[in-house]
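There are two complexes below, and they share subunit A, which is joined by subunit B in the first and by subunit C in the second.
Our next item is the complex of A and B:
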């Protein structure tokens, strides 16, 4: 999936969990979930579960550990979708 | 891990321990009980001359039995090798139907909804001795398991 397809889908998923509206409005590939959007660890789990449902994939602990920003999330989703 | 061992792992003590015992536990569900003593500290103020158990305390009782006791059971493998986990309540949604007065025994039944990445979300309900529904809702919490060496 291309960046232009994925970013809107990701934005919809993470919108309910962000604390920093400004960072969310200016979201780019480099946006960090914890440092920029101020998402807490419990909500990161919610995002992982929502991503699994949206893309019909299964994420593991190591995926969760790598999923720190928008870019890594897109890479992991695409890698899973290609399998 | 047996039912009485679960209690020994709880990180609470009086006056904020709201678990008397676990009745049953499995990978999918836990049932436990607590009797609100007449001398609980919050009855002094809630309400003036009219002791009624606060909803936040009912929620706490449900979280201690339905989420923390249950979580300890579900994490039993990790807990054998590691020290007690750091835990946090992360969200809850609760509806209340009946008041709980001093000396009432309540039973909490909690069903696992999601348990992934150390986050536990449960559908929890509290019943009185007549089998009537006191409150019900969803509670979520997180556990962070630290190895013994990491705790100074």
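Our next item is the complex of A and C:
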């Protein structure tokens, strides 16, 4: 899935959890979930579950550890979708 | 001299009224909050009636953010936070996520068990091998201290933050524990209270014990009948009550509105001796609890003008009346006015003590005695001890200064608190 297709989907998923509206508005590939969007780290597991549901994939603990920003999230989702 | 402690904020989420204004009206009008519940019938409950606070989705979103409500399924925490926030605002404080941490306010908010429906949801998912998909809030919603964790974060409280649990004594115990902390100079203020979930999973165990009434499924509002000759068991309820209590110095310093004074109280246990069991009270310990509460309050038993009893509408009501009578050494026309808030809201279990303490403070502040709405047929054993006039079935206006409130719980635990109309000079 291209960046342009994926980013809007990701934005919809993470919108309920973000605590920094400004950073969310200016979201790029480099945006970090915790440091930039101020998402409570406990909510990262909820985001993982929402991503699984949206893309019908399964994310392992290792995937979750790597999924810290928009770029890594997109890479992991695409890798799963290609399988 | 002992510090004086006053009540400066109230919050309540009760089956017959949500918010202090609605609840006050309900108490004056003798409004029942007991209704029939189809889910209880469908699940083959003997008792198919209960008390559940009526709260709209719009109202919930005033207290909780959308994020907090994602996957949220804990009615007790919902009620507790609503009552706690209301009490906090009523005391003149605001709720602001950016507020400075307040080291001078602590929180003791009790419950019996937390988030029982969330727990059920989690267990189903877990048993299907889906532990990884439970989400992030199962622990927060099902840990006993969940309500305290949610509330203290919403308000930014920095003194002791904890949860107590002592069955149906919980709310009254929370108040007295907070009172002790202020008296001991550990804090200026405490937000105290308790909450209880609603529904079949919290009520089922009581239905199984056959301690809930099964005779009023057709006429729910008549089901909760404390002190009545035809009382056949309690009606389950749910909700939360909360109070802001603080040292008189602190209240005067910030010009707070004062509802009443907490004169003192006592907490004890009957140790399941001398007739006491896991489910029945040791009468000697109950009497001692009342006597000590009065002694600790610096008054004499003849100064008690109104009693808000525990009085659940089981066969133990007569014993409770006998205990009050012996502890106060008063009978007949000399016996204080007595009522049971449970006639209108049922037995709100872990929330009962806090909701009924709020009801007590409202009656004291507004100078009325709320009715025992289903007690037109007073139990003969009670009538032999107390003149029926003292057990009003309609609200009556009474000028009074002192009210004693007691709560008793499974495990043979007791708590009694004495409230007095606030008079600035002692």
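FYI, the second predicted complex is superposed on the first by the 83 of 83 C-alpha atoms of A that agree within 3 Å, B and C clash if a C-alpha of one lies under 4 Å from a C-alpha of the other, contacts with A are read in each partner's own complex, and residues count from 1 in each chain.
Please note the rule applied: a contact is a pair of C-beta atoms (placed from the backbone, for glycine too) under 8 Å apart; a residue touches a chain by one contact, two chains touch by 3 or more.
Values in this document were obtained by computation on a predicted structure and should not be read as measured data.
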*So, does A:57 touch the first partner subunit B, the second partner subunit C, both, or neither?*
neither
*First, second, both or neither for A:17, with subunit B first and subunit C second*: second
*Return first, second, both or neither, reflecting whether A:27 touches subunit B, subunit C, both chains, or no partner chain.*
neither
*Would you mind listing the overlap between the subunit B footprint and the subunit C footprint on subunit A?*
42-43, 45-46, 49
*In the complex, go through subunit C and note every residue touching subunit A.*
66-67, 70-71, 133, 135-136
*What does subunit A use to touch subunit B in their complex?*
40-43, 45-46, 48-49, 61, 64
*Touching residues (chain side subunit A, partner subunit C) in the complex*: 16-17, 42-43, 45-46, 49, 52
*Can you list the residues on subunit B that touch subunit A in the complex?*
88, 90-91, 114, 116-119, 140-142
